[in-house]
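So the structure is just underneath, and the comments pick up after that.
As written, the chains take the letters A, B and C, and residue 1 is the first residue of each chain.
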């Protein structure tokens, strides 16, 4: 099938194209140099053409997402979608069902989404749900920061064996990257405790979070994984935690060649102050560090003033949130590996704390000079549902939009934030970087996030003319256009037109087919075979997920590990 | 020629324990031997071929006539297509793959899909909506628990390997020996499990709520004004709370004693609240003892596909949920449904009398490997392969850990998998709809 | 006053989602023809009102709209959903979720009703001559917002969990109730003229429950406060004497149970605890 997208204003930052009127040719699901005269024409005159959105961090599938769905029937009651000839029915708001998730992302022009926190023992559940999430391509990040094997290998200095283990685990879980959540803290939580910083000792394991993060960073390099370690630091949600975040970024600086660490939903870990009443933004300090150091990337974790659901692998944090807010709480520990917690939340304009949080996310994005280092997320659904992304875009592009929201929020918080003084307004090119080009690059997804020849033909076309519109003034129009793509193209097929699903396709699931030298592979196999049932209540052969279990498996081979 | 094959790491398709260490010897397409299974699992494997249905049948003029697969599918599709409020029931004894087709079929025919959760741990889920749940996968209990309470359940009979694989008789990283753990049973009678417990607390029937409330009061340091509660001296509750607070890692396993005695979901509400409150003092978790091997899978599949874990009403084109209104037993009791599809379940035996009576008066399509009371009154019966023995599939253990069931032998000649049968019915319904 | 009469044309078998039957909805229609074309769900199929009811306009003109349903309406669900004004009268049994999310107006039933009567009610009045099911005035699953205004009067008996998660308003049951009346209650008043099957006020944090008959068991998480001669409910002064309990202490609650002293002699031992 050939497609020619004509006359659109193309924004393709990875290839240095910024609002140029260009034609995009598509054949066989890829972007090509040119197509024949029998190609289907899609007239994108006066419209904005970008690569399809790539969401680097969104909790859409797996055990804790489903725990949240079950916890919150009241979240789904008013927001539902009826079945149509093409689409399945479902429910939405903060914890949408899987079909609804896929459709809603596609309607906004997103074509790749990462599920960022997968407990390996239950990775099969994540893939089950991803298989049922239509249209978008996806990948998942298995959790390793509290894994018994990992902590033991690192404690014993067995870096090679740790690498071999990670390699096996990525294949066993069909995972894409190394995710670390509150390293050491969740193991402490399995006894009801927590850690308080990088140099706390994890009970019974004799290792510190610092050693876990550094060890996994080294392993990441050895395995040549395309994405840096993806880290949710210790002390998330605690006033004063910006220091922990900076120390976490600093602790792997010497291991850098290129990016070595990604700090996720950074807003939640950029708090200054001693307690909630003295809460301040630590965004300036974080931004200063990110500006001066090239081994770090972050994503925002922006909050929206709405009712939503928090869900993370940070079990102890969720318990604290439950205690503070009094809202219902689900906790699910996972043996020998990790955990999860879910607590509903309402972010209120008049709350000093929530208003400060709102400002922090935006300060981060506006103070970090290089848009290739900071990405747009709400840590869906923790900060707000992903359907609110267009709203975040409008805040980034328009000081007026920010002022309007600020005028309606807690004024004490408004006075204390430096947001008032920040004039910067993102351009379309910068938006494309923080929602597509930058995220794809950070993930190492070479065929995503750009419109060069050879890229996957994932394209979003929005009904706004970047040459005519002034996003600073007409931010509402920008928001409206981004909510419902004029066209979303997935692998060369038009799947959305005017915000309606026109075709349903099965997206790919990317995973890393990691390899280590044969003798190491055999050694780890022998070791695991002996000890597996000691650690887990399932056998090794049942833990391993076969490629056939993925509806559309797309392995990425990154070469043999350098051990 | 005797071709024998020993398959290891087989997942047992019986109860919610989903033990995954069975070793099954297969010879000449038959189950010859099974090792490591408990009596219940063993019986399922060894008697897999008893009472089998091998040919589809249709009831016509009060007579049961054997028929072809195609005709049975056609009849089933027609019944479901014509129905105005069909109930698609069962699902706990089949694979997730079959459950997914079930949801699609329910959406296609505009019916209600519900699993045996409604007759078992539905009240537990209803309580979670209000309170939440502090829980864990079973391995954590094995590694850490020094206080194990079985409340209103009898694992020795219903989940025989539970204690040896996951709790007091197992070996964990931090609990090597039996002596490092204490086992308490709370029940209305001295069950087999109670007999081997370190302590048995007998409570009066239908007073679990009072007992749990007394514990919550003691936890808060409030005085109990009554001398005995639920037939137990109040002092006992104070002692029990001291133990619970004093342990390093406590767990409550609970069953139908809570969910099906007076109070139902509020009993579970109280238990969940107690465990939640205990977390302010020590580490405490609670785990429901799910009965069927894939009832948890049905909750998971329905929840991610529709947003709701059971009792999902798709009659108006989108998912609606209100157990009590949209749950299978209640629908049958009120005679709301005008047709039923039953997959791997026997509601005619298990439902309350009025619900069973109403069900038997409407056309039922039953998909099952074995003859049951339900198949005997069904309009259409289609035999199916036994999941976990003759057909592969995904299941979810009671704690949400997903596992794969294997196909060990071929089903009897002409017998199809649930997924094939349901897919065929779905396609036939679409064909009828398209033809209009 | 415009008056519309609905008479079922047949015995309903499958549930009928009938939230279209509401005075606000009908009032928006200009002619009775439009009302006849209103759509309800008969099981999985949409049906016009006229196809399942005989629809008659009894009186014309005037602002207030009255709907009368004559016959067995027990399979009708969600009748009067969200209504803000007008009246609905059911001469017969009514179904599940009658008057849910109601804001104003009146519903009268001369018969029994199903469960979830007045769920999430915010205002208005419901009166039932017969019995009600479970969850009178409750919240939806997972929500903490039950009835928050208005009045529900059931002259017969009710089932379990009357006033579950109730925030405000008044529920009065003339007969008996099942278990867990007032469970998770946050405010408002429940008056039970008959007896309860126990566990009233479980997890309540606020509000009042008055029981004139036998209360069954009082939960161990309720503490006796005093004996009062009268319970004041709105304009009513209900004569006691009453044992007044505070609780639910297990949830740090500050609700009150008024339990008839004379009908609950087995509670006498509590008197020794009154300070």
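Operating definition for what follows: a contact is a pair of C-beta atoms (placed from the backbone, for glycine too) under 8 Å apart; a residue touches a chain by one contact, two chains touch by 3 or more.
Quick caveat, the model's predicted, so the values are computed rather than measured.
Engineer: Going by the average position of its CA atoms, which chain sits the greatest distance from subunit C?
Structural biologist: Checked the centroid distances; the maximum from subunit C is A.
Engineer: With respect to inter-chain C-beta contacts, which pair, A-B or B-C, contains the greater number?
Structural biologist: More contacting C-beta pairs are found at A-B.
Engineer: Can you check how far apart subunit A and subunit C are, centre to centre, with Cα atoms defining each centre and the answer in Å?
Structural biologist: Computed from C-alpha means, the inter-chain centre distance equals 46 Å.
Engineer: Indicate the whole-number Å distance between the mean C-alpha point of subunit A and the mean C-alpha point of subunit B.
Structural biologist: Each chain reduced to its C-alpha mean, subunit A and subunit B end up 35 Å apart.
Engineer: Averaging only over C-alpha atoms, locate the centres of subunit B and subunit C and give their separation in whole Å.
Structural biologist: 34
Engineer: Residues of subunit C that contact two or more other chains, please.
Structural biologist: Residues 140-142 of subunit C touch two or more partner chains.
Engineer: Which residue numbers or ranges of subunit A touch two or more of the other chains?
Structural biologist: 71-74
Engineer: Any chance you could list the residues of subunit B touching two or more other chains?
Structural biologist: Touching at least two other chains: 129-130, 316, 321.
Engineer: Report the residues of subunit A in contact with subunit B in the complex, numbered from low to high.
Structural biologist: By the definition above, subunit A touches subunit B via 61, 63, 65-66, 69-74, 76, 80-83, 88-91, 95-99, 121-122, 124-125, 128-129, 132, 190-192, 204, 319, 322-323, 328-336, 339, 342-343, 533-539, 541-542, 549.
Engineer: If you look only at subunit C, which of its residues touch subunit B in the complex?
Structural biologist: Against subunit B, subunit C makes touches at 13-15, 17, 41-45, 75, 77, 96-97, 115-116, 134-135, 140-142, 161, 179-180, 183-184, 199, 202-203, 217, 219-221, 223-224, 249-252, 270, 273.
Engineer: If we count contacts the way the header does, which residues on subunit B are in touch with subunit C in the complex?
Structural biologist: Residue positions touching the partner: 83-85, 109-111, 126, 129-130, 209-210, 213-214, 216-217, 220, 222, 224-226, 229, 234, 262-263, 266, 269-270, 273, 315-316, 321-325, 335-338.
Engineer: Which of the residues in subunit B come into contact with subunit A in the complex?
Structural biologist: 8-9, 11, 20-21, 96, 100, 104, 107, 125, 128-140, 142-144, 165-166, 173-174, 248-249, 276, 279-280, 282-283, 285, 299-301, 303-309, 314, 316-319, 321, 394, 396, 400-404
Engineer: Residue numbers of subunit A touching subunit C in their complex, please.
Structural biologist: 71-75, 77
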